[in-house]
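We call the chains A, B, C and D, going by the order they appear; numbering starts again at 1 in every chain.
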Amino acid sequence: MSPEKKKFIAVIGGGQCSAQEAKLAEAVGRELARRGAILVCGGLGGVMKAACKGASSEGGTTIGILPGDSRRQANPYVRIPIVTNIGYARNVIVVKSAQAVIAIGGSHGTLSEIAHALQDNTPVIGLNTWSLSRNGQPENSIILAQDAAEAVDKALDLAKN
Amino acid sequence: MSPEKKKFIAVIGGGQCSAQEAKLAEAVGRELARRGAILVCGGLGGVMKAACKGASSEGGTTIGILPGDSRRQANPYVRIPIVTNIGYARNVIVVKSAQAVIAIGGSHGTLSEIAHALQDNTPVIGLNTWSLSRNGQPENSIILAQDAAEAVDKALDLAKN
Amino acid sequence: MSPEKKKFIAVIGGGQCSAQEAKLAEAVGRELARRGAILVCGGLGGVMKAACKGASSEGGTTIGILPGDSRRQANPYVRIPIVTNIGYARNVIVVKSAQAVIAIGGSHGTLSEIAHALQDNTPVIGLNTWSLSRNGQPENSIILAQDAAEAVDKALDLAKN
Amino acid sequence: MSPEKKKFIAVIGGGQCSAQEAKLAEAVGRELARRGAILVCGGLGGVMKAACKGASSEGGTTIGILPGDSRRQANPYVRIPIVTNIGYARNVIVVKSAQAVIAIGGSHGTLSEIAHALQDNTPVIGLNTWSLSRNGQPENSIILAQDAAEAVDKALDLAKN
């Protein structure tokens, strides 16, 4: 696949995560790499590390948009560390650099990324993550998936140009 | 009240809003100014403008953290325009510059601010705004209020140092 | 003077400075406050602290755009702390929030602020600060001043709308 | 060369440039790719585009840290577009993501990047670019090179870990 046709997909989730979430994230990373996509993430541990590990095991490219001031903050599976030093404002860059987002579990940082993506009309695929309601009405803007393969399918199908 | 004792409270909400939300935001702004608090917001229209208008009518100080490149982007009731030009990454600065946050209605931008505040353990008081659940379990981190006075009371009580 | 007519002037310079630079910065701050201007700075020590001290002594308003994650990082003379947590990328915000910039001494951080201001066509008044040449040709874009009063005069005269 | 051993080198310079500067930038990009380095730049035209074109012609990896809100802003030789939407505050990220910086010509934006790099003790190699003096004393912190090969040699030799 020529580089310019490759899709950039963000995987977002907690810097700490359960064993089950890590397994899911690793499967998502693997599947993205097999399908020729480039993985974008926040570059740290937990879901980010597991997804990068999966992508790496299939020879995929992994980009880590780091909050801090050093490339050494990146997990060992990040091939392209981007050093921002803008703290959690870097969440916006993770999302804007991707054509679709896959959210796995996650805490409030992940929620901020989901919100920034929805604000930009970037598709968000959710695996065991947040659900939202506004003024008491459920808001179905997060697209649900049951497993890694379905999440990657949907992310690649719905990816923005 | 000596300046150093004044509390900084963010009011967040949509750049467009209903007449009811505007009325609520104006009442919140007024009440904050009466209580000697300094209003921080994103500096644009809708809820932000209404809150600034309310605070202004009581002689309060209003800070607008603007996403764009010009002070002229500020609504007319902003007394201290901060020109960031970092787009919606400025949402993080709105929240970090406040000791508590009052959310009124709002769309995904507001949701990102709520998330950034919760990530920082900054109290979020909600008036007709988002509610959250994670993995199917409600998350009660947004403190509910029924009216402007109650929201301001809670924000001032819970404000971080 | 009505608030909307007040001019926002940045004072930039090292977080550490000589006694002479501190004296100069304090005089600039004092003069800005006497003339009704609002002082914008990076909120830390050295030139920033001295300028805020001077402005404070004349009852002026002082805004500190902080690089870190806490309002407690501000020097004691900052009345309006803005907490960015975006590190030295906040230099851009200091400059964009001002209608003219007064540079006093300074190191590479100050040089970055001078450069960002010149990029935006924001007037830069220099007191014992950097001088520039490009491809061996002097570049006279920094306007020189001999003392605090002259620097403030020029900043207020040349301030952008 | 294993990915983790590759060096990240920024090439900075004007978004518009002379034919001579473009030729120099293209040679720098080519040489960086031949030596296995990864090129980081601001992703736009002029020096950035010429450097990416050179690196691309040798199969190198090119990263473009974009100021705006769309990957379509990148020049056609950027393989990894990073979409920041933080405007010229992204200059800080260009510099922080590199282990050394090569400056070619350039205007005030380039000067801001030189300053941010020097502030971080990141080596700056200059080709026909700015020179600096402080309080009337020349400051020799920019390392001069005479041609593309020398600039790349020095950048790779001096690159930080």
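Basically, a residue touches a chain if its C-beta (ideal position, glycine included) is under 8 Å from a C-beta of that chain, and two chains touch if they have at least 3 such contacts.
Bear in mind the structure is a predicted one, so any value in this text is a computation, not a measurement.
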Set of chains whose contacts include both subunit C and subunit B: A, D
Chain pair with more C-beta contacts, C-D versus A-D: C-D
Most distant chain from subunit C by Cα centroid: A
Type of subunit A:subunit C copy interface by residue overlap (half), same or different: same
Mean-CA-position distance for subunit D and subunit C (Å): 29
CA centroid of subunit A to CA centroid of subunit C, Å: 40
For subunit A, residues contacting two or more additional chains: 69, 85-89, 92-93
Of all residues in subunit A, those that touch subunit D in their complex: 3-4, 8, 38, 61, 63, 65, 69, 71, 79-86, 89, 92-93, 96-97
Of subunit D, residues touching subunit B in the complex: 69, 85-89
Subunit B to subunit A touching residues, read off their complex: 86-89, 92-93, 105, 107-109, 111-112, 114-116, 118-119, 128-136, 141
